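We call the chains A, B, C and D, going by the order they appear; numbering starts again at 1 in every chain.
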């Protein structure tokens, strides 16, 4: 990858990317191992350049150290990226790497290089927020159908019901180098009051309201689209940006909430010996779980709770029979939760959560949680 | 810059960027010094994490090393970039740093961090080639006027003469995050035969030819626009991309050449004791200079020659009285040179140049160079 | 509609259009009758202004005559059209008029005013040809599904099969004032050789060829979209424009043909006493029908034949079992026909057809027609 | 122009338009005369078809009458328009006709046909309002410079001063078939309070205010761009549309006024024997003139007053020394006038003006007018 290669570099990059695309998994694994090992840092060089830099901190010694301290496989990824359309191919390459690297320390380290570069390339400042509507191109929309991970879209008619009515919105982040690939998208319902069930939102023969009649924006589905961008987070930015944009365009909106699943509830209940709680106990137990169930690091056990509380939202309300689909019943006994984004308080909530792991919640949810019957659990 | 700052990070970034924009040079210098020093690597941590990684190469130890080996000021730049419009502000910030850092090793090292990130962000794969025409927005065109660095554009009428005729083209690279800022642009004349003077190309009352009548595309001006992107090279890509695009769209084109200045000629002649060569010797001396004058690293002394030869072009022809402007007379006694881009041979030429510093030239130029009278010079 | 109304005209126009949209058919009929009668020409005024113009042909007398000779209902339509979005509403209004006016001479005369204005407004020079692809907006694509009149599109998957493969194209005319409404569209298959059945073209698990491998462009479906633009013809322009554009972009294309239904065949056979021809006679009878069956005006009996022959195409080939759908069997016993558009000969073919009603056909089709067994028919 | 010509029509149209473009004035005049005479109505046919229609009003008889009553030269213009780009050529053709037809009744009648078609084609519903800004394409902006008819734009820097500042706006109507040709444009200044001089608006070293700080939008220049669209009026629509759009986007705007020239003042004063009024009388005389000077039809003598009063504006204020340019001094002794557009009252003002020729004015202007010293005038 020296100077000599600069001009013929594009041709070589093309060969590598095409070659990789044609490989089977075993070959890909070999390729990843070769690169991970062959283009790793050389500790001795790192040490000697570091010594030289420490003795005489100059442009030249720093350059030598920086060059030695970054594995050459990072430069390889940058070189591959010089090709038109390569960014998407590299995202798919990392998806393969993640899939194939589990448990292999060398490959997991290599993945950190991908992640490091992707965090830089997919920086919020480079992303473009675009509305997704019934006027969007079909090849984008079919990806929305495919990538929806929360409440499956089962047909083009279902999709239209989520995009076309005056009280529905959808927004996605795109990267300019992958203009046809949504990175993450959020579906929004404009409502009067905070809804307590996703069935009400998605019912087929619904009468839409005019957007200026709505006082509430409900983020009822957020889906990441690219496996290859795992751990490169945009959800935080997306919700805040969309809330800010909606707020500016629809001054009648007062409340920004989610209607969120509680994916960890059932498994936590099972772990607590509460496999079969009384139906009328479900929402109290859910409230208790959201406020008190912790992972080993002290953060909320529930991944969705962790995400929204980390963004500065609070646990606002808990609803039973809110998602009666098979999936909803299975993961949380049909209970759902509203996280409230109060644009004026999210910075402060976030700080408290980040520093003290404080879970902010409404009085109602706290009261509900206090009434949870944990007797069976406590017996254990 | 820990987790706690993630949410309030955008506000902080905004403060830093606005604050910086309002600083005077002394304050900027202080800011740069604070960041360069305060957010530098800690050699002890680099060593200890490297040791740990070497003992037990795992995802966790690699992450710790990678984190220690990259100065935190790089992460600062990435965080600032999360703001809308920040990329342009960071490019301007680096222009300030370059201007203020000369000779200061600490700041020059800091600049390498900027350069490293910019090389990644302004990767060819992220750039967009756009034609610049008389139908381009005026606020872009006024930047073309301002940034033209080779043959100054002295009015909007002059600009129109370079853009509007059927036998003129202009192309620029843009970055999606700086849509109003050309990064580099090239002006092209479509001609019959290879022109020997820039006056002929830029004369006011010229009769344009139809584009399909042209057999030659002349790159007669290439200008970098952003001081803050110094050493982040796109010229190579630009010429090749434009040549390829023109070739695809205008099959009658057979020849791709530059009409280039020879900026180092006069100073080299002076150094050789040839301040006042005979007029009829100028082109022979220029040919000799282009083929034989070397910098200490063995590469051509002339920076423009270095650029085009490095791209795989050859020295094709040398013309006297080719640029009779004050600037042209001053830097090269009015002599100009055509570098020829033979799309089929540039890879091979480039390799020879890169590996053996071989300067490829036409037979005519070699003959011309052989006839240069260096007697006065050699006396010294 | 005098000067007084000019400013408040827009509000009035808005009232009329909204009012009309809310009417039931009986009310619409009343509205049409009121306008047709109340805003008709006044023969006495026409005569007197004509006399005055003939006596003294001047700007003033011509203006008076022109004003009298045009019924004020034309000006009403123009005034209504001043509203944003009104053009589409007027097209729908005419669709209602056509539906409700049958047999009513007053309303049919009124419709001629609509048609006269629409022919002027939807002039070829105002139309925009746009490709329809899988990247087109979904709200346009759902109209393509709805409007396809020849070979029904039964799902979004079916639509994708007609748009996404490299060897499929679709183009539509749009009017700038109705940007979301295709006026007419044509579906094209790029093939090697001329296909003899629509099943082959539309089969689900087909392997697409690269577009540059195709030598033939097959116009296999042309659908008008707007009932309110009946008798305002664009099909002619569409086919020729698309053929010219494809020819320019895909130089490998040599042949431009249709694969067309023969909608009048069965009814003509029945009229001739040939309800149950032998299967192996169908293509010969179809050829005979296309070449010899005439309407009372001497033009071909078959409406699709009339259209393509009028455009300057020739009857190129006839295929049995070419459309085995219910509809195909019902209207033509499954027989289809290729009309060939030879871009170099269409003007000349058109002239012959227009002046002498000459039906141009390939030798093969003429031979086939000559072998048709009309004995049963001739008995009658 | 029968059926026979339909296909070859485009080629013929192309010949006519190219041929016309190459003609000198004498040839154009011959062409216009040939068409005007040779494709005029035939009075006998009009009469006979009218008789037939009156006897038996049917679709067929109406069609025959309508066809006879419209001169075939209208159909010629429509046929020419079928070519891409022809609309602009036809507008230029009419500009020639207007220039060459003065006083020739036959040609003036022919021009009415052009005007009739253009009024239909350039209907408000077909026009597109586009902002003109410093980000607009240069080839559009150079037309704005060329077409400015009120306060000349003398350089690109002058143009930028009118487009780039935050308190300046410009809007133009375009027709989709002439996307590069503005039809009419208006320049707007956003101000605090109503300005009393155009010098203040156009001064070079002005400090712009933020757009949300403005309470007043001043239409200080309205220019028609196309001589060939004379008498096809869009100014009315333009001002109202722009006022409505600005009002929606900048809620702080309370007042919409013009700052208008008084082009007829000097000539009226001269006709009244008031060639040299006292300077301190100028504004009173201007007020009197605007309120009381009438053309023979009873409408205001001043053409600009006629335009704005006809739109429903009122005479709001009169300012001396408001346009001290040569042109301003010459036409109105430097006096200018604000016409006020009160969006709530324009319909009502318009009706009164249209029906009773009532000139609406502010109390201040009425008082000012009452103080005009007409003694010298009245002596005559």
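By definition in this document, a contact is a pair of C-beta atoms (placed from the backbone, for glycine too) under 8 Å apart; a residue touches a chain by one contact, two chains touch by 3 or more.
Just so we're clear, the structure is a prediction, and the values are computed from it rather than from any experiment.
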Classification of the subunit C:subunit D interface as same or different, half of numbers criterion: same
Most widely separated chain from subunit B, with each centre as the mean of CA atoms: C
Subunit B and subunit D, separation of their C-alpha mean positions in angstrom: 50
Centre distance in Å when subunit A and subunit B are each reduced to the mean of their C-alpha atoms: 39
Centre distance in Å when subunit A and subunit D are each reduced to the mean of their C-alpha atoms: 56
Subunit B: positions in contact with at least two other chains: none
Set of all touching chain pairs, with the criterion as stated earlier: A-B, A-C, B-D, C-D
Of subunit A, residues touching subunit B in the complex: 3-4, 6-8, 11, 41, 43, 46-47, 50, 53-54, 57-59, 62-63, 65-66, 69-70, 78, 81-87, 105-106, 108-109, 111-113, 116-117, 119-121, 123-126, 128, 176-177, 236-237, 310-312, 346-347, 350-351, 354-355
Of subunit D, residues touching subunit B in the complex: 134-139, 141, 156, 160, 164
